[in-house]
Structure formats: C-alpha cells, structure tokens
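Shared between the two complexes below is chain A, which has chain B as its partner in the first and chain C in the second.
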Partner chain A sequence: MALRRENSLLIALLLPAGIFFCAFFLLPLVRLFLIGGEGKLGYAAYAAIVTDRNYFRSLVSTLVLAAGTTVITLIISGIAGVFLQRHSFRGNAVLVSMLTFPLAFPGVVIGFMVIMLAGRQGLIGDITLALTGEKLVFAYSMAGLLMGYVYFSIPRTILTVMAAAEKLDPKLEEAARSLGASPWRVVLDVIIPGLKPAFLAAGAICFATAVGAFGTAFTLATRINVLPMVIYTEFTLQANMAMAAALSFVLGAVTWIVLAIARQFAGGTVAAAG
Partner chain B sequence: MQPVSIRLSRCGKTFPDGTRALEPLDLDIGAGETMVFLGPSGCGKTTTLRIIAGLEAPDEGGSVTFDGVDVTPLPIEKRNVGMVFQSYALFPNMSVAENIGYGLRIRKRPATAIRQRVGELLEMMRISPLADRRIDQLSGGQRQRVALARALAAEPRALLLDEPLTALDAKLRDVLRLEIDGLLRRLGITAIYVTHDQAEAMALGDRILVMDHGKVAQIGSPRDIYQRPASRYVAEFIGTMNRLSGQPESGGFRTAGGLLPWAAAPHAAREAWFRPEDTALADAASAPLSGSIDAAFFLGDRTRLFVSIGNDKPLVVETAERREFRIGETVGLQVDASRILAL
Partner chain C sequence: MQRKPLFWLQLAFTLSVCVFLVVPVVLSALAGLTVNYQTGLSSGLTFRWVIEVWSGYRDTIFRSIGISLACLAVTLVLGIPAAYALAKKQNGFTRALEELLVMPVAVPGLATALALIVMYGGAGGFRTSWLFILVGHVLFTLPFMVRSVLAVLLAIDLKTLEEGAASLGAGFIQRFTHIVLPNCRAGIVAGSLMVVTLSMGEFNMTWLLHTPFTKTLPVGLADAYASLRLEIGSAYTLVFFVMIVPLLIAMQAVAQKPKQTFKTDEE
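Up next is the complex of A and B:
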C-alpha cells in the first residue's frame, strides 16, 4: 500500500519532466516524421534517400566526411593530448588554452578561416603560386570542409584525451618495456587500450557534431554536397518541406545508429549517443 | 638461463631540478645473488633499481655492466630484465595468460611454444585455474603471482622487484615472501629486491644494501648488518636497538641506572647500544642496572617491557616470566657485555 503511494508520488514528481520531454522532444520528432510523409511521394520520401542517387550520395559523403573528421581529430588529439599531459614546458598552459580556443566559434567563422587559408586569396594559394607557379585552392571542396571540421573538433576532444592520459599508469608502460616492447608497441598495447574509452566518448561527440554541422559548409558552399546543405536547399529554395523533413529524420536516425554501435563497443561509456 | 653478474660503477643520479637522488655508487652483485636494497622512502633505492633496469640513465661517468658488458646506453627493452612492481602493473586489457605470454609474443615465439611456457609458469605460481580470468577479477596476491610469472616468462637475465609485497596485507605478505624466497633459490636467478621493510630484507637477502639519503649506509649479509651495524642509522633502522647514555669509568660504564659491566667500553663512548635479546631481567637487588617499568605488553609467549632509566628512551626488554608487571615497578636488568656496541 505504502509502496503504491510512493510510486504514485514518484510519477507525480516525474510529470513535469515527462511533459517537457513530450512537448519539446517527442512531439516535434513525431511531427517531423509525419511531415516527411506528406509530400508528393508520401512515405516513399523516406526511401528516396536510398533510391535517389543525389540524396544517397550526399548521405554517404556526409558520413564519410564525419568519419574522416573523427579519425583525423582523434589521431591529432591523441598525440597532442598525451604529449601535453606528459611534458611540462614553458607555455604549456597557454598552448592548451589556445587549442581549446575555437570551441566558441560559429561554423561561419571556421569557414571564413578555411577560406583565408586555402581559398582563392588564401595563404596556401599564395605560397604554392610562388613555389610552383600554380595556385593550390581547396577551401571550397570536401578537403576544405574536412580541414574546418577537424579544426573545430580538436578542442572538443583534446581535453577528454588529456584527462584520460593523466589516468594512464606509467608503470604499465615500464612493465611493457621491461618485457621487450618497443616504444611503438607500448603505444599499441598500453596507451591506445588505456585511452580507448576516452577515444570512443570524444569520437562520438566529434562524429555527431560533424554530421550535423552546417555553418562551415554553408560558408564554403559551392562544390559541397553534405546532407545538412541538401536539407537547407530542399527547405528554402525548393520549398519541399516534406523532403527536408524526411532527410532530417533519416540524418538523425543514422547518426544515432552509428553512435549506438560505438556504444556497444565501449560498453556504455559513450554518453553522447543520439 | 645463466645468471648474470651486475656491476655498477660511479652510478649517481641528479634530477633535472637539481636534487641528488643518488651519490655516485659502486656495487657488485654476484651471479645468482639476491641483493636487497633497504631504506626509507626517498633514500635512493628505487632510483638505483631503475638505473639497473634501464629506466633511468646514470649521471655522466656512471656505468652499468651485465657480465662485464656495458649496458649503460641500452634502454630497458633491450636489457632483458624482468620487473615486478608494487602496483602489479598488469595489462588490464589482457587476460592472465595473455599477460604472462606478452614478453614471448613480443619476441615473436611460435604460438605453441608460448602456450607451453605460459602453462609452465601458471603451474609454477599455482594459478593455472586463473588462466582465462580478467585482471580485475583477481585478488592482490593473485595479481602479484601473475606479475611474477609475467616477469619470468621470457627468461630474463635478472629479476628486479620494486616493493612487490608492500600493497598486500600482512598475512599474504608472509606467504608470498616465502614463495618468492623459494622461487629465487630454485631458479638461481640474479635478483634485486627493493623494500623499506627490514624483516623482508632479512628474510630474502643474500646481502643487504642499506641506503640513507642517496648514500650507502652499509652493505653486508643480514647477519652482519644486524649484529655489526656500521652506524647508528643502520642500528636504529634494522630491528630494535636499546641505547643507554653514560660515561666509561674503571670497571664499566656509568649510567643513571647503575654501573654497566662493560669493560671494553671505548674511552670516547657516551652511549652503549645493545639489542633487546641481549638484555634480561635480573634480581633488582643484585643486578647492575635498575629502572622502572614504563609500559608492559603481554604477547602470550612473552611480555615486552619498556623500562626507563634516567632520561634515555625506555629500553625494550622481553621476558618469559609468567607474572604480571605493574607500571612503575622497579626491575633489575643485566646486559651481555660482549654484545654491547659503541657506535
């Protein structure tokens, strides 16, 4: 009896959170799903992402771009994070805070910086022109976008990696070396396994952010075909609300599935799935 | 596996911040010998071990040789030494068997040879049923057995143990100490054992190197060090020492508690040092020394008494007498004069 009273009290206490969840998460999501089926194609719009070559290609390139960004970011953050944690030198703290500096930049600013570096008037273009007589311009392609994404993903991962690197037991590395492991084997057998939970957690955030990022792609526009850009185009230029909604839903679902798989591997340490 | 002899010559260590962890040290460790480095934390014992292991380089001018071959420039992974750490340092991402076989895997031994050798070691350490366990499923004692097996698997030239028993509880420590002792004797491997526990050092060491603030305080067999300590530091660090201040005079050593019959007292002696086991209770009326009981601890088979004489630290005396002792009671003491040291 008392237990039931307690349960109903708990339900009553959970009610505000439940209402909030329904109003701002469940309802919009259901609505989005329904709108996706209201177009000319009906619910077949959801299949279009696989059957329509353009949509499918943009989905694939979005996922490849996000995966590439994640891998490159983890490699850079892994090396830099472990190094910065292990070595104290003058300016160490300044360097760490500089690495986390781009955290607050909107995508537009990142895109602008990529153009400054690798655009038609960019630094890399000027240097290559002087050296080889040809201007290297890649800001407006996938390469430029990848560079921008890596740039803003590093701050999101490096602190996580550094925190995990601090917890690595130096005795484990010494033990491995005493057994004959070369420095490279130590990285492979001790450091990477030790950092694995951090890599999975930081990688998940990195991947999800890269899938959904829009500002940078929008700034670099011209030759880029990533899903957030396609959704924007469908929505504003074609006024195809249904298709935009269907694509959005699929984008969310695919990302969620990828992160769920990652979580399986991590054994529940990926907090950011979905 | 031939045991290796190890020689350190002029091995000092100064850290980048200028602290001198180790004064230049010369040391010979014989093939198959178990050498214990003993001292309080910060005395340089671990630094010395790490120099031998190849985890630290000695200061300019120092060298480490194994069987006469200079290994100073070789990093640890090229020295083929087995290490056992206080924190076990087992790889958490590998099973027990994988941990033990790691060194052999690194050496690219064939899988069947690895399996066989791992099986031998599991048996030797009596942990065969644990082969497929994860490390976090093991108790501390089991972990240290795995660590020993792992260190021995690739037949190292020397076994280096850095406070291997410190993290274990007292009972387990005794069991494992006996096991390690048996293992080292059986294998005949050159072993260096670092500890701050003098009982461990006495039980395991063929020789003990007592260290103090980066310097050698004394080196010798456990018996030497206990019975003939070279300094007050060693005397106080190893076992219990009684100290009584006084003045030599004809016929003995005059103390606040009476005339200690110590004919051989050096002229300059101001303190007499002797072990509790060379001190005995005697009839208060006729004993050369007398003092009052400060504290008494009944230990079952014997009673440990703290007897205070003058302003000195109370002397420790143990007796098998079956009576009760009262605090403040006056008792007589006698000391075996042949065992008294001046220091």
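Up next is the complex of A and C:
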C-alpha cells in the first residue's frame, strides 16, 4: 500500500515536466513528421535527401564538413588537453580557462569571431596583405564555416579529453618507455587507446553539432550550401513547408542517433548547441 | 627539472590554440570601442557605438534577461521534482524517460522550432508573444537542470537520509524542503547557471520563433552583423560578453568546488 502511494507521488512529480514535454516537443514532432509527407512528393519527400541531386549534394557537404571539424578538433584538443593535464606549470590554470571560455558562445557570435579573423576587415587578411601583397579572405565560405565549427568545438572537447587523461594510468606509459618504446609509440599504443572512449564521445558531439548548427552559417553567408541553411531557405524563401519539415526531421534523426551512440560510450553530459 | 624540447613544442602549440580562441574576442572588443576600425586604434577610442547599441537595441537586452530568468523559474519548477522522481526510481523505464527528456538537446534547434511552428503557429496571441520563445528555451535547457540535479541526488545516500527523517515523523513536504533541496543545492546552482547562460545565447530556435516585436539579444546580434557597420556589431558583441562572462566565470568556479558532503539546512 505504501509502495503504491509512493509510486503515485513520483508520477505526480514527473507529470508537470512530462506534460510540458509531450505538448511542446513530442506532439509537435509528430505533426512535423506528418507535414513532411503532405507536400507534392508525399512521403517520398523523406527520400528526397538522397534522391534529389541538390539536397544530396548539400547532405554530402554537410557530412564532409562535420567530419573535417571532428578530425581537426580531436587532434588539436587531444594534443593541448593531454599536455595541460600532464604538466603543471605556472599559468596552466589560466590557459585552461582561456581554452574553455568560449564554451557558451552562440553560433552567431562564433560566426562574427570568424569574420574578425578571416573577414574583409579581418586580421588574417591584414597579415597576408602585409606579407604577400594579397589579402586572404575566406570567412564567407566553407573554409570559414569549418574554422568557426572548430573554434566552437575546441572548448568542450578539451574538457572531455582532460577529464579522461586524468584517469589514464601513468604506469602504463612508464612501462612502455622502460621497454624502449619511442615517444611516438607511447602516444600511438598507450595514450590514444586509453583516450579512445573520450575521443569517440567528444567526436560524436562535434559531429552532431556541426551537422545541426545554424547560427554560424547564417552569420557568414546564406549561400553556404549546408543542410541547415537549405532547410532555412526552403522554409522562408520557397515557403516549402513540407520539404523543410521532411529535411529537418531527417536532420534531427541523424544528430539524435549519433549522440545516442555517443552516450553509449561515455555517458555524462552530451550537449549540442550553437 | 629540465624540460624536454617536446614540452616546449607542446606548450607552443597549446599557446597558439589559445591565441586562436582569444584573439578574435579581443579584436571584436577593441573594434567596438574604436572610432574607425579600418583606420585602427589611431582613430581614437569611443563609447559612441556602445551608446548606439544601447539606444537601438536596449529592448533586446532586457527581453533576453527576462526570458532567461523566466526560463530558470520554469526549469526549476519542472526540473527539480522530475530529477527527484528519476533519482528515487532507477530502472529501465525511468532511464528511457531521461533519454527522452534529453532529446531536445540532441535534435537541432531548427527542427524543434519548425515543429513548434507547425503545431502552434496558428495560435495568434501565443505565436507572437515572448512566451513562444520561452517554450523553446525551456525545452532546450530543461535537460541541463534535470541532469545537474540528478547527478547530485545520485551521489548522496538519499534513501538513508529520507528514511531517517521519515522515522522521526517528517512528511513528504517536510523531507523535500528540509532534506532534498538543501542537499542538492550544488546541483541546482550549477544547473541554474547553465540554464541562464544557454537561454541568454540561444539563437538556432529563437531565430525562427521570434517576431519583429520579440527580438532577443542573439537575434539582434544577427541583425546587426548583417546590416550594420562592423563597429556596431562589435560593440553589441561586447555588451553580450559583458553579460555572459560573469556567468561563465561563476560556472567554472562552481565546477571546481570540491564535492559537497551531506548537508542539513541548519548551517
């Protein structure tokens, strides 16, 4: 009897969040799915992302961009994260807070940071103009977007790598070294395998975020052909609600699946924003 | 101890990553305070752009603060009871619920916003009010509150504490306010900071959910970047940094605090 009362109490406590969640997330998503099938293509709209040449091309460039972001971010954060975790020196804490400080910048602000670096009045343009006589401006292209996503992903990836590096057993590395392994072999055979779960989890978050992010691309150029921008254009300029719905549903499914797999590896806080 | 060359190489690499992250922030802050960025600092420093932002976009600043505080209130009311319930019953069902609740973070804001629009876009008054944006923000931030509180509740021996209180005759309300809430204070603080910070910066959803009368700070930023001169965009960004940096510093401070032990509310 007491157990039953406790259960109904717990249900009552879950109810407000549950009702909110159903009314404003689950039901709208179901509706989005139905709308996606109401266009002139019908439910074939869900296949359009692979059958339509233009959509498929933007899908491919989105995935390539996300993969590039992931690889570059993991390399940068892997080196810097393990270094900061392993060596204590004066200023270490300052470096860590500098590297994690952009953690909560929204995508639009990241886009603006890219413009400050590589835009028409950017620092890189000024430096290259002084050095070579030509102004290098790449903010408003795929390269600029890649830079923005790497900028955005470094803080959270470094945090994950540092947390994982803390748990590595230094004895394993000492053993490898005492057996004559070169520093490279230690990195390849001991450190990287030890950090593999963290790399997988952080990499999946990088990837999913880069696939779904919108703010940075929006700030840089509406002409960049990535999936979130295509969805936005379908929705606003073409007023093609059905296509926008179908594409965003597929996009949501992709990021959700990638992150669900990541959580299997890592648990902990898996967040995508921007 | 003598440092090896490899150490210096790695240090140089790490420093250059820092430069990559920090330099644009500094540049943008400077640009917002410079008379003419193209000419450089020699053109002089000015508050002109900040004042222009204040007079033109003040409303977005207050709206963002208002929405983020409202968002905090709602996530506290919805999130803490939910986290408590999830902590009390750990089984397949509640884990599935938790997984579901986290979905709005995994699904891109663009998709969530479109879903809200197709469902409630026809509801005139709701669609055009700031509450429409609030709903989106709550969806996106609620998981952070729930997870943060849940993590603390799972780390303490909630069962023993509650049984102790119950054996002394404390009812549920008494246990909740005198045992549960004081003990998960650290989780509530961390979750709250996260919620406010995220809500303040949310753009992906808000861009689709806003109307010309319900612009938030990031929406105003996007406007300014697209149509105004670089100095104004920079000054606006500077205002945003001034608002968000204290939150980020507080978040880092809370994260570094040593794990708390049991607490009662009599300290």
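Definition applied: the second predicted complex is superposed on the first by the 226 of 274 C-alpha atoms of A that agree within 3 Å, B and C clash if a C-alpha of one lies under 4 Å from a C-alpha of the other, contacts with A are read in each partner's own complex, and residues count from 1 in each chain.
We adopt the following convention: a contact is a pair of C-beta atoms (placed from the backbone, for glycine too) under 8 Å apart; a residue touches a chain by one contact, two chains touch by 3 or more.
None of these values were measured; they are calculated from a predicted model.
Chemist: Does the superposition put A:Arg177 against chain B (first), chain C (second), both, or neither?
Modeler: Touch status of A:Arg177: first partner only.
Chemist: Applying the document's definition of touch, where does A:Leu10 land relative to chain B and chain C: first, second, both, or neither?
Modeler: In the superposition, A:Leu10 contacts chain C only.
Chemist: Does chain B (first) or chain C (second) touch A:Ala221, or do both, or does neither?
Modeler: In the superposition, A:Ala221 contacts neither chain B nor chain C.
Chemist: Examine A:Ala213 and indicate which partner it touches, taking first as chain B and second as chain C; both and neither are also allowed.
Modeler: A:Ala213: touches chain C, not chain B.
Chemist: Please indicate which partner A:Arg185 is in contact with in the superposed arrangement: first for chain B, second for chain C, both, or neither.
Modeler: In the superposition, A:Arg185 contacts chain B only.
Chemist: If you stack the two complexes on chain A, which partner ends up touching A:Phe101: first (chain B), second (chain C), both, or neither?
Modeler: second
Chemist: Where does A:Ile127 make contact in the superposed view: on chain B (first), on chain C (second), on both, or on neither?
Modeler: A:Ile127 sits against neither chain B nor chain C.
Chemist: Just chain B (first), just chain C (second), both, or neither: which does A:Leu84 touch?
Modeler: second
Chemist: Quick one: name whichever of chain B and chain C touches more residues of chain A.
Modeler: C
Chemist: Output the chain A positions appearing in both contact lists, the one against chain B and the one against chain C.
Modeler: Dual-contact residues (chain A): none.
Chemist: Going by the contact rule at the top, pick out the chain C residues touching chain A in the complex.
Modeler: Its residues touching chain A are 6-7, 10-11, 13-15, 17-18, 20-25, 27-28, 31, 37-38, 77-79, 81-82, 84-86, 88-89, 97, 99-112, 114-116, 118-120, 135, 138-140, 142, 144, 146-147, 172, 197-198, 201-204, 207-208, 218, 221-222, 225-226, 230, 233-234, 237, 240, 244-245, 247-248, 251-252.
Chemist: Can you list the chain B residues touching chain A in their complex?
Modeler: Where chain B meets chain A, its residues are 53, 55, 75-77, 80-83, 85, 87, 89-93, 102-103, 106-107, 147, 150-151, 154, 160.
Chemist: What does chain A use to touch chain B in their complex?
Modeler: Listed in rising order, the residues of chain A that touch chain B are 169, 171-172, 174-182, 185, 189-190, 193-194, 196.
Chemist: Please give the residue numbers of chain A that touch chain C in the complex, ascending.
Modeler: Touch residues, chain A against chain C: 6-7, 9-11, 13-14, 16-18, 20-21, 24-29, 31-32, 35, 76, 79-80, 83-84, 87, 95, 97-109, 111-117, 121, 123, 151, 154-155, 183, 208, 211-215, 218-219, 228, 231-232, 235, 241, 244-245, 248-249, 251-252, 255-256, 259-260, 269-274.
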